[in-house]
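Let me begin by presenting the structure, written as structure tokens, before commenting on it.
Letters A, B and C name the chains as they come in the text, with residue numbers starting at 1 for each one.
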């Protein structure tokens, strides 16, 4: 039904307006009921583990330490103490600076990867992804070893960059957010329409002019998305400020200090709400922009491939990428050296003693993490894919489906620390019906699934959209219940997406600390938490040893997932290749 | 189609295996997690008939010590499964206070007497006289009978001084509290946050007791000017000094000796005004359902083998007859500041509040 | 077809999407074994009608009866139909045979019977050896045959085809539409075939339903639709048509076109001078072998000729008609015989029995 048809029609349509409000509703049948039930279950699940806990945070922020309703008194108290409320400004400052720096660095990198023909683009792309495999506080630890008062760089050059404070936080956030932003920008560059460039070139525009008049505008939505990703990661991150923050307060660590250090839940909740505001705002802006972007990419646009640039330009890009990758690798190198050196920085002889992890109960924490990540990947993938399927592919109950959709994209705006605190409020209350989950692996799994729900959900939705929308109709006409077509057709077809969802959950579960830091109990420490706890007690070598193990597991998992995908592709080649 | 179905099945199997494997008991030498279900297979080392009882132990002892102690505990308390939560003294205290109405710990082990007095006042401790309590020196246990808490050892303030950094930056060796306020140390000193660390509070408390409130706070103000960071844990300042990240770490004695042995260019200094000290004590948590197991653990925790193990780390013991660890001066007792632990406990809230308003900005996050 | 029972009855169906009216009070009866084509331009509501019959959309008002049973409120799975889409919608991860067997498996048909039925259907659609192939290994035409076989496998009471040939090349399309007709006759299944291609509809249909802007314009056999289009829309949409503005004359068999008076067999009952639209198909405009006494004889001037292979399309202006041009289709032989070329004048005849009169202004798309 295109626009022109509608406009021609406007005049003679003489349907009684009452009719358009009527509808002959189909009988639900067993399947319709089942679908409604499932949609309800998903809505209830997300309501119980996302909305209610967050409401608790809001409620607690209005209560005193002893639980009386005090209105906005906590907020007043917060802003009345400049030493404390400074954190809000600090958070915004480091997040905005990290955002600008990350997007700037990644923009050039992404351009070099997508648009130039420089050598080694594949490996440069892979190496740039490395920071994804590490917990966010690892690079901060490594930065201390490199740029700290007694770091290698400092000692070699005699330049002390004054790492502790905003400098260290910004550096760590940039390092941490770089691959995430890079992915978004690579996609944006790849989606740009080649025909525009051809037109600009035909008109004789210089390459600089093309960059500013065509390239930048065409990736503007991607840029905004990338900025959102960088900003959100920075403002919600908890690991880096904790390690290199020095006397520089930010919101995410403040929540932790108030709650874990001082057990002041009311103030923790208050700061959480303050942290939620910028995160949610950024999220809303991004959603609006995303909606526009869909309209921008038309079916007729031609994707743009790499293009040969001038020799010098190409060399500059190549050198730039090498520089960045070199930096990433040297950070990883420092972690490895730190993990294996007997007594950094005085005795570099090889030792395995830092891999003892006696204070963490040996390898139990890794085991816990592995277990948690596996269960998270399994359950998370099933939940995400099934809910995306119900929303995307079933026809009944549009309102119910849109509620599930909305709840599914919400977690992206919720900082992990806030979620963790929200879960304490919801679970650590003996009156709560789900109190039994507190202190179990279950709550860690749940919080991780909810925390990382949105990105896999959108991945699943995209994958499902690419599957012929008529399959369900065909299935119904052939008397197949929806779940049969789901299992026999939809799932096999979406298998690559399903695997990448599982991988996303697994990798994030391996490195997450922000929510888990509130929820772990003795015996349930995770490896990434152990890195933090080890650093807390000054065991940086052990923290690095643990980090390197986490990275190894992440890389190992990546390889396993890669092989799985390859296997599936080979098996499905029969039906994907002509 | 068939091959695809197989593939899906294979993946599910893999996932299932992963879960089963993940849920199986972990091969570990240290305290293990409680199995998710009570019906899980028994641990390989457990005697087949006796089900192990799980005991939740909260402690503020240092991780490296805990490892040693637990090895002994494992041998001597084979039917106990110890789940140990290690937090710094301040965090542990806050956590125990927060869990007051719904306690998760069964016993508190090796935690500052100052905190124990607070718990006692809150009615959180169940008096219990462990076997052999009579041999513990009176100043190391609560005066009540049966005692609410029983100390085992004490740690004392020491400065860790990195001689390598000192040489490079031309820093003199500080020998007293007063030395630390000299401008030459600006940005070179790290100490533990008293709000989270027992070591930190011990130092602040000794300063306030030694100099009196007004002079004490004035001194701390001066010290704050030189302070680079207030760390969460009590041992971290010394470890930071050990890597040369900062020149001076206000910490406690044993951690410095250990680092020195490991090759760090450190010198240990007990301040001339006197080193503050803090007793580490054990107690039974009121309301625990595992009273027998908890008592068994508390008995063990002041028993000879445990004390001998503590003595490898501590120069000041609650019982006589243990030689100080290697590297300690033999006259350590003479270097101690005469602490009033009741004062420390009574004033803890007020001091920490004051401290937080004055200096919390530099506190490690 | 009148001897057959009515199989599907669609009663007063209305469907709106927001303010857009997709179907406006549509009623239709389809007889058992009949092949009905729903023909209309894109956006006319034909696919919506098909989807409502299948239960894939919910109508605002109206009922549907299939063999006497009210199915208006049944979900798709409880209705009895097979469906084929333009996109084929074959399950790409299943082989052709597995696709065909899909519906049979759902009905728990024993395995041997499934195998036999699949083989039978593969033969029926002319692809006996394609069973183990995956859809991606088949051509578009072959895929659509498999899709047809899959829809027919469960012997549905009603076969719904939604533009099944639109994605195929012209040649394949022509071959496959004959195939579909043959299959439909063979199986005898009542079929609704949605298309925007008038040629397809004319070739295939027992009856054609012309849909425009959510309303039925005309229902009739292909001949009726072509020869006696009920409205200018149908006249315009099906085949080529010349439209001339005109006025009603004072007698029912007289109309005026500009200064020209014409006789028509299609009697009007309009007051004199009422504006009308006159319509005549290009192949009905005569330029040769004209009886000089024939009615409606006019002098015309050749403006353009277009060579289209077996015939020429000749654009004419008529004496006494300033406002319109007329297109005539003239066989290549006649052009040669009369050496017709642009600029020449010649007699043109508009046979009264082939001239149609519509009491409205045509909105002509040409």
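The rule is short, and it goes like this: a residue touches a chain if its C-beta (ideal position, glycine included) is under 8 Å from a C-beta of that chain, and two chains touch if they have at least 3 such contacts.
These numbers were taken from a predicted model, which means no experiment stands behind them.
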Maximum centroid distance from chain B, chain identifier (CA atoms): C
Centrality ranking, top chain (CA atoms only): A
For chain B paired with chain C, centre-to-centre distance based on mean C-alpha positions, whole Å: 87
Averaged-CA centre spacing for the pair chain C and chain A, given as whole angstrom: 53
Centroid distance [mean C-alpha coordinates] between chain B and chain A, Å: 36
Touching two or more other chains - residues of chain B: 1, 4
Set of chain C residues in contact with two or more other chains: 93-94
Residues of chain A touching at least two other chains: 488, 492, 572
Chain A-facing residues of chain B, complex: 1, 3-4, 7-8, 11, 15, 18-19, 22-23, 26-34, 36, 56-58, 62-64, 66-67, 83-86, 88, 90-91, 94-95, 97-98, 102, 104, 164-165, 195-196, 228-229, 231-233, 235-240, 242-246, 262-265, 357, 360-365
Interfacial residue positions of chain C with respect to chain A in the complex: 14, 16-22, 24-25, 42-43, 54-56, 58-63, 72-79, 81-83, 85, 87, 89, 91-94, 102-103, 106-107, 134-137, 150-151, 153-154, 156, 160, 213-214
Residues of chain A that touch chain C when the two form their complex: 1-2, 5-6, 8-9, 12-15, 19-29, 31-32, 395, 468, 470-471, 473-481, 484, 488-489, 492-493, 572, 574-578
Contacting residues of chain A [partner chain B, same complex]: 83, 144, 148-150, 164, 241-242, 245-247, 249-250, 253-254, 256-257, 260-263, 342-347, 358-364, 367-368, 370-371, 374-375, 377-378, 428, 430, 439-441, 488, 491-492, 495, 521-524, 533, 536-540, 564, 567-568, 571-572
